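Two complexes follow with chain A in common, the first pairing it with chain B and the second with chain C.
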Partner chain A sequence: MSLATEAFMSQIAAAEPWPENATLYQPLREDQILLSDCASSLAVQAFLRMCGLPVQVVCRANAEYMSPSGKIPFIHVGNQVVSELGPIVQFTKAKGHSLSAGLDDVQRAEMKAYMELVNNMLLTAELYVQWCDDATATEISRPRYSSPYSWPLNNILAFQKQWEVRRKMNAIGWGGKTLEKVYEDVSQCFQALSQRLGTQTYFFAKQPTELDALVFGHLFTILTTRLTNNELAERIKSYSNLLSFCRRIEQTYFEGKHS
Partner chain B sequence: MAAPEELFCWEGDWGLPSISTECLVVLAYAKFAGAPLSLRKISNPWRSPSGLLPALRTNQKTVLSRPSEIIIHLRKQKYNADFDLSAKEGADSLAFISLMEEKLAPALIYTFWGESANYVEVTRRWHAEHMPFPLRFFLPSWIQSQQLEKLRLLRGDDVLDVSGELEKELYHDAFECMNLLSQRLGSHKFFFGDSPSSLDAYVFGHLAPILKSKLPNGKLQQHLRNLDNLSNFCSNILLLYFPRDPNREGGTSTVTPQPEGGDLDHVPNKRMKQFLSVIVAMGAMLSYALVTGMVSLEHFHTKVQEEPQDSQPITAQHHYQEEEGEG
Partner chain C sequence: MGTVHARSLDPLPMHGPELGVQADDIESAHIEPEPNQEVLENKDVVVQRVHIDGLGRTKEDLLTYEIADVFRAKNLIDVMRKSHAARQKLLRLGIFRKVEVVIDTSRGADALPNGLDVTFEVTELRRLTGSYSTMVGNNEGSMVMGLKLPNVFGRAEKLTCQFSYGTKETSYGVSFFKPQPGNFERNLTFNAYKVTGQFPWSSLRETDRGISAELSFPLWKTSQTLKWEGVWRELGCLARTASFAIREESGHSLKSSLSHSMSIDTRNSSILPRKGGLLKIHQELAGYTGGDASFLKEDFEIQLNKSLFWDSVLSASLWGGLLLPIGERATSIADRFYLGGPTSIRGFSMYSMGPQSEGDYLGGEAYWAGGLHLYTPLPFRPGKGGFGDLFRTHFFLNAGNLCNLNYGEGPQAHLKKLAECIRWSYGLGVLLRLGNIARLELNYCIPMGVQSGDRICDGVQFGAGIRFL
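Showing the complex of A and B:
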């Protein structure tokens, strides 16, 4: 999302309250969505539920192409379309719904830093496992990603996506990493999150913030998604506070939906 | 104890021990941890064992190039600057390093390699001046295309156009990141306690080039100068850990007296080298033309043979041409 639209939106947004018919678009839940997209989508849903804003989830096979930034998920509120968690947080803040308003400057800095930690390590690792691990890419990612399309478009789109992700991995220096090294990095990230959470209910004391939504989205998705091996999920399970954190948010905000 | 390991880095300038962020991170960490490395400052990435800078050639003869790998390697050698950190502080370090990689690093790439005035007047010029003769003509633009490709992949979209939209976004993110770092640092001397850690090395590596470079378009620098604690933090580390670097005087003295001018105006023996390169290029072209020209000449003659106008002299001509071809 560009800054100009952001500024424009925040002016408009402030005037209008949150409508009842807000929609969140994501790829098909059963046949198409991949781990990383599912995690991002769940993070946004958790964030909106924490804010108490109703949103209806709609699955579309072409959600990736409908999104203004090409990324999933995106929400359609009134006459505006916003994609990804960061801009959505800005957008709801303009409408007067913020989870991090009670934090002081240092806490806010730390919250943003931890959110980038999740994006930088966990999201990248999910993309790596999906597209750079040959077993997962062949058995799960490529067939699922291309499931709505017929031959030969399905192969072309899946390989195009894989090619793009691999180039990105090379650019950020992950190209030479082995799967084992990626798992180690992920463990390091889990450990950092676990240390930060400690025995608290949420990352910053009693109230959930967007960081909690983001971490929940990723951890819960990793725990509940079956891949060719469940190494990622196993590595979370050694941190009991992260597990109970996921269970707590699920019970508080998703009661009766996922259970 | 074995001989110290060799670290290859970009040369320094502008009062910095090295001009590249990655090299600065590694250098600062090595200083903080007291790791004895034999330093090789070079300005030709092709002379590095991995083709990239920085590069650490370890005693096991492996070559490491990513700053995080080098730091982990040094840590395993018991050169650990993060020894005093609690587990939570370690987690915070990791988080702030991610923040810089996501928000500040893309803006750094853009400001040095994407912004055209900065690239032409400072980045390309510096690299061209410091690289050896034939490389300086193409290596800077090759590095630029690599960096811009990296930026495009990092941002995950195709908006490397000139609309200024990308620039605004990148600078917005970078300003926010600097503000957050400044808030986190507060009035402390270092990020955690009284001694510097790996996070300090990363912050220094990212901010020092912004603070010290003399770019025509210095929006990042202006913003950083307004954050007093962060700019003091960088100057402090420079003063404490890199005092009177030999390259510092050498670098500034060769650069400051030179007037503003074209990109390659002050290369020594410029005319001579241009003349030589023209000779070499001409020689290459001529020899190529000669080789391929003879071959095509041959073909031409055989073609002529195949369509004989008059049948009589064909055998004689044929023999004659074969001899010519062999000779």
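Showing the complex of A and C:
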């Protein structure tokens, strides 16, 4: 299929309404998924719930390899496959569902800046803690990541992943950072988010946006995931407005509806 | 006392490019009886010594097995016959470029009057040889670069490294071959490889990295192979537009399997045989030695050839296979069977029949395919006795089926399923033999019994390959 027809097909598909059988794929919830993937997956789930779009969550051991970009999570809607929050937001927008439509240009720019902050700081810090902190990598990340595979493939894949993440960290200049410095950076990020949120219900007044979904995904996952030490979670707990923000989104969008 | 100089008993061709040996200008033994010569022909002789000249790195103990028979010869004809047989055995080891035999009367203090000395003059192959070739596989061409270290440790071991850069795949491999001394057919092979393949009919890309150990031995008239193989398989989509069924198969898996194969081949040639038959049975059990793929796979191939009038040959073949998953896990797309294309059921596109999803073929768990061919020389036989003999015309009739089986229905239902919706095709074409390994075909095909979803190639179809139905 040529690029032009592909683009045409995706436009046709975008014009179709959201189907009932939309599916979100992520790694196995109990044994396999890691903090960073869980956070990204939860952010997309929160976003879709905020949009009121039904999606069924399916756990697959090979979700990472099924994803067209190699990243978690991805959604299968009709015959379209879209991965990661950014493209999914674009995709739902094309179908007429948008959370940030009411924002003006300045607010939208601000929202994008904060989303970049979360992706560059929180997501990177999560990856750093998972794969570059030896205790976490040995006790949690490698065994969990490789749990669906049999020996010796499990070791090969886990080390391959670790090597890949470490190379990325070196490329963006995080390779030389100490764990303490990463915690410091994360605290600053929390502080910036806490200040922006202030006493509002959501980051942009009364209506949730994709930024709220993204922040919720990461904060909630950090708070509820057990790591070798609870330093990341402890640092959030000093910002009470972030805690109540998480609880609010959880109650509004996940409780009740889930059961 | 004269000298009997026998280079060889009869002009046998030294075939096999493996050996790298050109057929010597073999003279038939000529013995000119002169009046003062003692005619040894019918007299008892004793082979006193066997020399091997020209050995470098080859260990002598290996060769003693090959030449031991020469000592048992009782008369001159026997000596010559056994020396010739020993020469053949030495050449087959694939470690000598040239072997010559000189038979002489014994000399020295302990020489018996009827004693003979046999001397093998050998030239070893170089320690390291490189090769460069192009290869034609199933609808694919590739450039192959190889390094060969024959006789690495002096006992006919062979180390081969191969790098192949192809139109569709790039792969490399290292293989170590070790025959049992004195029993060349019984041998061990170790392999380590990486193979990447693209399968556009399934929108699938597969990268295999594996190691294997293989034991081959002859048993009665068959040749048997036992093999263990551990393969790390990485599957991925060839394009973003791949169907979701292919996407679901993506990822890594580890297959550890034990397999056994048996073959009896009485054909006179593997490409365009004139007579003889072939029976091949292959079975593979995966999952019991580790890994996460578990299945039992059975596969067979039968071919019978019969010469008819006017140099024409009638050939019938039948293939079949069954893949049984063991346990809960469904079979992987990488293990299933594919059918269709110019090398199996002609008139259909390559591997484009049977179960499919959005135009991507998923393969089946059971298949059968049969073919009936009538090969004849070219009409009016142009180039007879030369180039023209590489060509044949053929008329063919192919049929087969590929499907998934719902286990639990029982064998009756399975057979019924394989017997309904049979795909078949007929036609005629010209084929060209390439060496003794591959053939090219240009056919006009008429596909029949086409089921919805099958991709056909109505009319002219070109095929190249090494294994044909």
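Going forward, the second predicted complex is superposed on the first by the 243 of 259 C-alpha atoms of A that agree within 3 Å, B and C clash if a C-alpha of one lies under 4 Å from a C-alpha of the other, contacts with A are read in each partner's own complex, and residues count from 1 in each chain.
Just so we're on the same page, a residue touches a chain if its C-beta (ideal position, glycine included) is under 8 Å from a C-beta of that chain, and two chains touch if they have at least 3 such contacts.
Only a predicted model underlies this, so the values are computations on that prediction, with no experimental measurement involved.
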Partners on chain A (chain B, chain C) - clash or fit: fit
First (chain B), second (chain C), both or neither touched by A:Ala205: neither
Three-chain overlay, vertex chain A: chain B-chain C angle, C-alpha, nearest 10 degrees: 80
Contacts of A:Ser150 with chain B and chain C, given as first, second, both or neither: second
Which superposed partner A:Ala135 touches (first chain B, second chain C, both, neither): neither
Touching partner for A:Asn79 - first (chain B), second (chain C), both, neither: second
Partner chain(s) touched by A:Asp105 [first = chain B, second = chain C, both, neither]: first
Contact breadth on chain A, by residue count: chain C or chain B: B
Contacts of A:Met66 with chain B and chain C, given as first, second, both or neither: second
Which superposed partner A:Met121 touches (first chain B, second chain C, both, neither): first
Where chain B and chain C come nearest after superposition, their Cα distance in Å: 12
Common interface residues of chain A - those touching chain B in one complex and chain C in the other: none
Footprint of chain A on chain B - complex, ascending: 66, 87-88, 90-92, 94-96, 98-99, 101-103, 149-150, 153-154, 156-157, 165, 168-169, 172, 176, 180-181, 183-184, 186
In the complex with chain C, residue positions of chain A that touch it: 1, 6, 60-62, 64-66, 68, 76, 79, 81, 148-151, 153, 156-157
Residues on chain C engaged by chain A in the complex (per definition of touch): 232, 235-237, 239-241, 244, 247-248, 250-254, 290-292, 358
Residue numbers on chain A that touch chain B, as the complex places them: 2-4, 69-71, 105-106, 108-110, 112-114, 116-117, 119-121, 167-168, 171-173, 188-189, 191-193, 195-196, 198
